[in-house]
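Residue numbering begins at 1 within each chain, and the chains themselves are lettered A, B, C and D in the order written.
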Amino acid sequence: MSTKSWQPFVNSFTKNNQLIRVDFLDQGGSDRLEGNYTHEIQVDLVKALIDHLNLDKVNIVGISYGGEIALEFAIKYKENVDRMVVYNTTSRTSEWLRDIGRGWILAGRTRNPDAYYNVAIPVIYSPIFYQQNIEWMEQRRKVLKPVFSDPEFLDRMERLTNSSEPYDITDKLSEIEAYTLIISAEEDYLTPVKDQELLQRQIKNASWVKIPGAGHASMYEKPLLFMTFCLGFINTADTNYLI
Amino acid sequence: MSTKSWQPFVNSFTKNNQLIRVDFLDQGGSDRLEGNYTHEIQVDLVKALIDHLNLDKVNIVGISYGGEIALEFAIKYKENVDRMVVYNTTSRTSEWLRDIGRGWILAGRTRNPDAYYNVAIPVIYSPIFYQQNIEWMEQRRKVLKPVFSDPEFLDRMERLTNSSEPYDITDKLSEIEAYTLIISAEEDYLTPVKDQELLQRQIKNASWVKIPGAGHASMYEKPLLFMTFCLGFINTADTNYLI
Amino acid sequence: MSTKSWQPFVNSFTKNNQLIRVDFLDQGGSDRLEGNYTHEIQVDLVKALIDHLNLDKVNIVGISYGGEIALEFAIKYKENVDRMVVYNTTSRTSEWLRDIGRGWILAGRTRNPDAYYNVAIPVIYSPIFYQQNIEWMEQRRKVLKPVFSDPEFLDRMERLTNSSEPYDITDKLSEIEAYTLIISAEEDYLTPVKDQELLQRQIKNASWVKIPGAGHASMYEKPLLFMTFCLGFINTADTNYLI
Amino acid sequence: MSTKSWQPFVNSFTKNNQLIRVDFLDQGGSDRLEGNYTHEIQVDLVKALIDHLNLDKVNIVGISYGGEIALEFAIKYKENVDRMVVYNTTSRTSEWLRDIGRGWILAGRTRNPDAYYNVAIPVIYSPIFYQQNIEWMEQRRKVLKPVFSDPEFLDRMERLTNSSEPYDITDKLSEIEAYTLIISAEEDYLTPVKDQELLQRQIKNASWVKIPGAGHASMYEKPLLFMTFCLGFINTADTNYLI
């Protein structure tokens, strides 16, 4: 939910490619919004950025919420997308995911950082990672505690969560033309494997991969695979092989 | 968490078998407790009940928390157990599960029934079941709302959740002698499949089955399978087949 | 492929149920056929047997080839079927399975029993079972060697294999009305899990279960589960539970 | 089993990397051998080639038999290996796989190309790929028919198959120091997913990925993923990310 999360990967990304990181509105260093909005404002933000930078075609990597925006972008602005890597993401906010999101919002409204942490954080990691990195997790709790105590941050999160409620682009996935690499994590309990199975069935030029033993935060849990997938898929010379 | 949940199954269970349902302490119609306790009090409650009824060997079916008590019972009172069916359960409260439980407790302390519902309920169903039975789920929310508004109920849940924190019998699983049927649900996001994989590796006479497309509440999601597994495993004449 | 395979289960099956075992034509003790035929002759054999015995409704258990006949029977003679358990089976002979079958036929025509054994037998077991029961497997090779040297047996197998080539009832699965329990084995390399996933999608009253760590011969690999599934599903008083 | 199989990938491999393809002895354009041998001769062939080319450290990509040689090479000549990608491979020839291999040999000895084709080829593809590419498969049968009629080729295959019989390096996997990417295909019925699960448990610096819907020939079935994994893993600047 912040370009800072990508810091460890900057070196590998920038060795042979140009990397542009974006904080969506209400995220990280970007402006806060007010009232209700949908994903569309984020999709158009990406378009404005690309135009501003005078870029023609870009490769897009999106994770979770960012993957949703990536998919919508590839539908609305297909001429701007070359290849796409979408990680731990879904084509719709099911009632199930919506109600989980509402639980996060209600936890946030308590303004109790431990409530927000315990409700939102463990579930995004696989049990095995959480267990094996319990000290790192406790450190992370300390880092996040002041953040999760900040009413402005919690309000931002509430608006971002709300912006996903009406999200459902399942019927439009067949319009995507970009070669798309879809990554599932087998222990993803928020956007489970079946969500990506649906993505790969609907997207024409889809490739699909599963990471065993990782959860929704698979980028963090398996960082070397994250780089492998992004760099490999984007830098391959050919997409079609005459076998 | 209540013998009432078993009502729909009573007819099938009692056709050729005797069914004894138990509310653990702090559950359903049983007495409330005070202060901290561990699973042991529940294990001994089951033993007292069996002795009180002058039963010798029983077959035990336990789900989730009930499965944990069943496993502990089969270790402590092995002479009283014939066969055992454990459903959506685990041999230990990992740090991951512990922190999820603490999130439930903090949600309960808000005394906001929607907070408790949204934090604890959706995650126990598979996304597909939740989606396909959304009206039934909304009905369930209405039924549970007064329950989740009741401070005494929420305090009971907090104590029950706490009673599982120190739970870890992984090292003792090899002592279990009862023929044990272990059931996993592939979309169980609280006691995931890997937990039961560990159970079946450690328990000598274990049989293992997976239910595709069901979550932690698989008994509710796939009731016909629930009866099939319980009745079939308990009523089979032989447990060893000379193939 | 012979009622003898069911011998170890007779005691458990007959304790509370009546068991009728059938050798299809060209199988076990039944008559041999000549020339080409399809499944239909086997389906009608079952019907004739049921009529001969003056039975009205029966529960059917079918494995692999037997599961295919069971599915076809439940379509053609729906009034005669109560509940059905189909094990390691499929709704069609794909080109892939057809070509594997042709390999078996060509191996049989060598009249070399080791060729037939090695081509047809290992693949029907899971690697783990084969490994852990290697002495039992070697014993089985000895038992089967004279059988696999018998030209008449090999000709029967060739005709049976051929009888499945045109098999495809996928489009008729929706006509099945019987409550049907579908069993997959995760290491089934002949009728893989996706075949049963298709069955359960198309059959109205389908329940679906997976056995981890077992192959196409899951009845042999996990005999206690075999009895659990058959007895439990067939003897459950209710099929619908008002949850 | 021939460097020709890699032809479609040469362009992508050589854009930013140097590609060296090797036919093992008794494979493709390399010399034929006589009598019995083990993998060791192939491992030492690779070493001789690297020394001959005055290379220090290489990245190794190996598939199936080639993956086995790669793993053994990384144990015996660890100083020569930088990173490694092993595809659809195993750390040992189980009794199960051995007996399947013996079936191939017996099919080859018939000198009937259809027998060899039907016994050895369908099983290496996933059913879905085989079905969806049935014309391509028929074309392949035509191309392979003269090859599978050639006694010298079949003798080579027999020796290669035999060379794997004693293979078991499971106990030495922990000696591997190279960062290793292990690829499983979910429908691999020769070196099933559990084989790679074992690899990743034993190899220190292992990353593990699964390809859904592909079989043992996953390089052919999902060529874009093949390039993605190889190029991405080998060209990533960092292998450790301080998350």
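Everything that follows uses one rule, which is that a contact is a pair of C-beta atoms (placed from the backbone, for glycine too) under 8 Å apart; a residue touches a chain by one contact, two chains touch by 3 or more.
What you see is a predicted model, and the numbers here were worked out from it, not measured in a lab.
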Proportion of interface numbers common to chain C and chain D (over half same, under half different): same
Chain A-chain B separation of Cα centroids, rounded to whole Å: 34
Residues of chain C touching at least two other chains: none
Contact graph of the chains (line, ring, star, complete, other): ring
Footprint of chain B on chain A - complex, ascending: 94-97, 99-100, 102-103, 106-107, 110, 112, 114-115, 117-119, 121-123, 125, 127-128, 130-131, 134, 137, 187, 189, 192, 194
Residue ranges of chain D in contact with chain A within the complex: 8-9, 11-12, 15-16, 179, 181, 186, 197, 207-213, 220, 222-225, 227-233, 235-243
